[in-house]
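Please go over the structures that come below.
Next, two complexes with chain A in common: one pairs it with chain B, the other with chain C.
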Partner chain A sequence: MRDRRHLVPYLLLLPPALLFAVFFIWPLITLTVISFYDYSRMTGMVEVFTLKNYQRILLDEFYLAIVGHTLQLAATTAVLTVVIGYPVALYLTVARPRARAAVIFFILSPLMISVIVRSFGWVMIVGPKGLLETLLSAVGLPGGNILHTEAAVLLGLVNVLLPFVVLSIATALQAIDPAVPLAASSLGASPWRNFLSVTLPLSLPGVLSGVLIAFSLASSTFVTPAVLGGSQFKVLSTMLFQQAVVLQNWPFGAALAITLVLIVLMAVTLQFRLVERGRYKAVFQ
Partner chain B sequence: MITDRARSVLGVYAACVCAFAVLPVVAIVAESFTATNYLVFPPVGFSTRWYRAIFDRPEFIQSAWVSLVVAAGASVASTALGTLCAIALVRFEFLGRQALQSLFMAPLSLPGLILGLALLQFFAVRNLPRDLTALMIGHVIVTMPFAIRFVTVALTGMNASVELAAQSLGADRLTTFLKVTLPLIQAGIVASLVFTFILSFDDVAVSLFLSSANATTLPVRIYTYIDQNYDPLVTAVSALIVFAAFLALALVERIIGVGRLFGLR
Partner chain C sequence: MSRSCEPPRSGTAAATRRTVLAGVGAAIAMPAVVTSPRANEQIVLASYGGTIETFMRNQAIPAFEKETGIKVVYVVGTALANYSRVLATRGRPEIDVYWANDLSHLGGKLQGLYTKLDPALVPNLQNVYPVARDPDGIGVASNVSGCGLQYNAKKFQEAGFAPPTSWLDLWDPKFKGKVAIYSIGVLFSQDFLAMMTRILGGNEKDIRPAIKKIRELRDSGNIVAFANSPAEMDNIMVQEQAWINYNAQTRALALIQGGSPLRYVQPKEGGTLFTVLFDVVKGCPNPTGAQKFINHMLREDIQTGAAAALGYAPVNPKAKIPAAFEGVMPSNEAALATFVQLDRATMNKELDAWTEVWNREIESRR
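Moving on to the complex of A and B:
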């Protein structure tokens, strides 16, 4: 069935390719073009070329701080999620079948529920009169309402991204040939030694890929920072929404969007280069 | 290679992380039965008043319909187009194959927020309406990589020589596909339908920009509601979504298993 220079594959791909050309590539070009347009409150969007929007992001300390905050939040989330998720992925490789199935179910099933629901769920826990406040006041301690703080956003992001990270590390651990750690232990390596010098190094690609997936998702998630961080919590995603939708400043919103794309692309490219040479390679072979 | 003690320690830790993973979902379902006027956790009393209160807010019912219609349309379109892509990419060798494959996978790397904003501006600049079709188009783009993946896995998993056998016995390409290939990749197609439906139904990032006064999806409705209100009504709406997700989950578990859906053996 493998044909060369035959028309059939092109005919098959024509409808989806058209859809992507019109509603994916073209809108992204429009977005890029708009990010170079001018805007003022009096005139609205003006179709003249200007670098003003990007200058504002890179030179204005206020916006530069927001870029910094986005990077820092995404990096903290990524590292935290990987540290919390690694032992879970490791457990999946040694667990008995039923325990393993249960852990997979509990870790992955939240993916079926909208991120808005999962983020709002944390309000019951860290918000006013929430679980944390109730628990603390039961032992006579003040505080516990951490809604609209960095900590609340971090909790929410780690929770939302955990399944992706566990999946990525578990896949790498699964790919390790069981004969290798077996050989190490038959040569007298203790379980700890075996983990530290065999399993852990062999799983590092999965760890790195988990960090980068979590980083790119954390830097571009809107709902969790918006719900748990409140209106004063400023990262690129919430800022972009505010500028483009609330204030209707499309050019500046578009410039913030392109900045965010560049950050995410950086992480994705790194992942391709360092880790997998294409996440989808395995699927297509 | 691992002592029983180490395994138990890891097991206890994994159980804690599992509890952390489902905590917000459990909290929201518990809270939806509170008898109070305000959010308090643990909930006080037991009542179904907030479920009844949903019926006084027709906008939630309307949005639920919007979400269902969009998800149904998007999952069918995405799976149909994804199947075309998968067949072309798996069964044929042709010029530009690599580039097209990267194009169709690109939405995985692009934040939904960016595609949402790009489509919003694209539709507005060309005076196209933001309606159900606009939402569906956005959702087809973001879900297609997953549809392609599911069908690709099914295609590579089946024995391709039965297609050759059918053709050598005189079946044309279309007959071969309908009578031989399609029945063999059925599970992948069903998995794709279910998964893209769920992705579309749950989406916030793209819908946030493409929703309008007369077409707002349920997750966006929830977001705008909690942006302005602070009461348990939304917990009841969310709990209903959770129950629906559990039904879908049971379906997925029966068809292929949750772990395998995400590529875990």
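Moving on to the complex of A and C:
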């Protein structure tokens, strides 16, 4: 009887574990193997070991710049999302239930629309003769058409990543024992001091996981940079799409994909390190 | 697809995994096809969506099914998606016949993906222009379209511009911020690059002068947008974001028919020509049915129908083209000869290098 009960957690884990193995681990292994294959247009994919796909990424300024641009886009998105999302999360902790429900619904609403529809919605707003340009030109201002710029991509990314970050920070804020900030106040801390020394550090786990989610999703997103950034906006995801789908160069496409996976993995490791070793280690326990 | 994703409810782990794997395999191999038990009685056709799908489903396929009793299973995809599918299932092909473009035809031919056509099964091979026939007898061009300049006649008139006559007009400073071109992933841009090598006195073997010239076009500020697809290009032109571009006749004719002020001109250096081709997949379940279908698609009446419905010029000289398209659409061998035959073999071989150079030099941010 006891033994059986012991098995229950594993049995519960089995379906997701199988799905994970079949749809994630196995494709990832295949992808890694393919990334070391050779390819030429005349022969197709050749199953011999070569490092040239990775050399092409790591030894070439053009591709390094694309890796750098991907990192920069993801980091900027993450920071912007946290800066915009933190006040919202703070508000959620003090709001009345009704107002809170309304704000959460509002924040979650971008996720209810498919990414393609949402992106084209943004095109109509920031594109030529779009809402933004019409409004700005009505008051005599130029520059309303920001389609195919970094700003447009950031706008689209922050819009969709905000719910992840807000909910993540709000969860951390709600876990703070209300007695702690109260104690700080009673000891004479100003509200500002109270926030900086008590609330903010205690909410760091939520901030960090929000940053991680935003960074990972922003670095691997395809539709938003493709639609709002245009074809001159090059990040790893759009480059690997071109290699894999347009040129059928699966090995090089796979190498670009693995590079992307490694970037996200590095972000996860970094976050883990901060959590385990950082100054605020105690907060995370 | 979703069925195979459901968590297993019973059975041992190993059996479950096998079931899931089999499901995954089937789902990846061919999500859109449900194979009927009488495989002989059907062919699987991979083809395009949009107006082509409408034409095929409403006109071409019913006539074929009625005549032969062979059912056509229609799989929709872009040229590249269909090619990727044929390539991915080469070990166990499930597509019998598909509509390739110049690139996927040549690429697949080099990799041995297609079979030779049997003239006994495709008697209409004798009735098409010689240029439509493949030198090795693998596949056949079924329809062709020219590619030249498209411009907004209304805007040109308002601005007092004369209609364009040359590919080099795109560089004219008066078109600053008014030119749209395609991304290199779209065939028309590859053709544009190849055409520019010719105009600059060279050929496809060396693209450097053409790249330099097109880079000047970008740096001049004339280019307002790079379109990622013909549909996006249509939007850019219809919304008057750009006034002039290079485009396929098929697109231009469709817009003219819809009453748009856009017009097509054949540049004086000649237009380029691209084809769509039927290829029978090697080792496919029903090669005989596939070839019968190709023969059907080369018939006079179907070719006439495709010209009217799709704006694709026929390869069968007996087919008729709509009066409205005369003067634009090539309707005989002499008209076809006014187009430049690009060196498709070199273009296919060098596509990766061309894409790389174009990415670096042209389609990146200044």
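Criterion: the second predicted complex is superposed on the first by the 247 of 285 C-alpha atoms of A that agree within 3 Å, B and C clash if a C-alpha of one lies under 4 Å from a C-alpha of the other, contacts with A are read in each partner's own complex, and residues count from 1 in each chain.
FYI, a residue touches a chain if its C-beta (ideal position, glycine included) is under 8 Å from a C-beta of that chain, and two chains touch if they have at least 3 such contacts.
Computed from a prediction, not measured in an experiment: that's the story for all the values here.
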Touching partner for A:A226 - first (chain B), second (chain C), both, neither: both
Dominant toucher of chain A (residue count), chain B or chain C: B
Which of chain B and chain C A:M266 touches, first, second, both or neither: neither
Which superposed partner A:F62 touches (first chain B, second chain C, both, neither): second
First (chain B), second (chain C), both or neither touched by A:L71: neither
Touching partner for A:R41 - first (chain B), second (chain C), both, neither: second
Contacts of A:S216 with chain B and chain C, given as first, second, both or neither: first
Partner chain in contact with A:K129 - chain B first, chain C second, else both or neither: both
Partner chain in contact with A:L202 - chain B first, chain C second, else both or neither: neither
Touching partner for A:V246 - first (chain B), second (chain C), both, neither: second
Contact residues of chain A, present in both the chain B and the chain C interface: 15-16, 19, 23, 128-129, 226, 245
Residues on chain A engaged by chain C in the complex (per definition of touch): 14-16, 18-19, 22-23, 41-44, 62, 128-129, 148, 226, 230-234, 242, 245-249
Residues of chain C touching chain A in the complex: 5, 7-8, 13, 16-17, 20-21, 24, 80-81, 83-84, 87, 107, 110-111, 183, 185, 225-226, 228, 239, 241, 348-352, 355, 359-360, 363-365
Residues of chain A defined as touching chain B within the complex: 1-6, 8-10, 12-13, 15-17, 19-20, 23-28, 30-31, 34, 84-85, 87-88, 90-92, 94-95, 99, 101-125, 127-131, 134, 156, 159, 162-163, 167, 170-171, 174, 181-182, 185, 191, 194, 216, 220, 222-223, 226-227, 237, 240-241, 244-245, 250, 253-254, 257, 260-261, 264-265, 268, 279-280, 283-285
Touch list for chain B against partner chain A, complex: 1-3, 6-7, 10-11, 13-15, 17-28, 30-31, 38-42, 81-82, 84-85, 87-95, 97, 100-101, 103-115, 117-122, 125, 137-138, 140-141, 144, 149, 152-153, 156, 160, 163-164, 167, 173, 198, 201-205, 208-209, 219, 222-223, 226-227, 234-235, 238, 241-242, 245, 248-249, 252, 258-259, 261-265
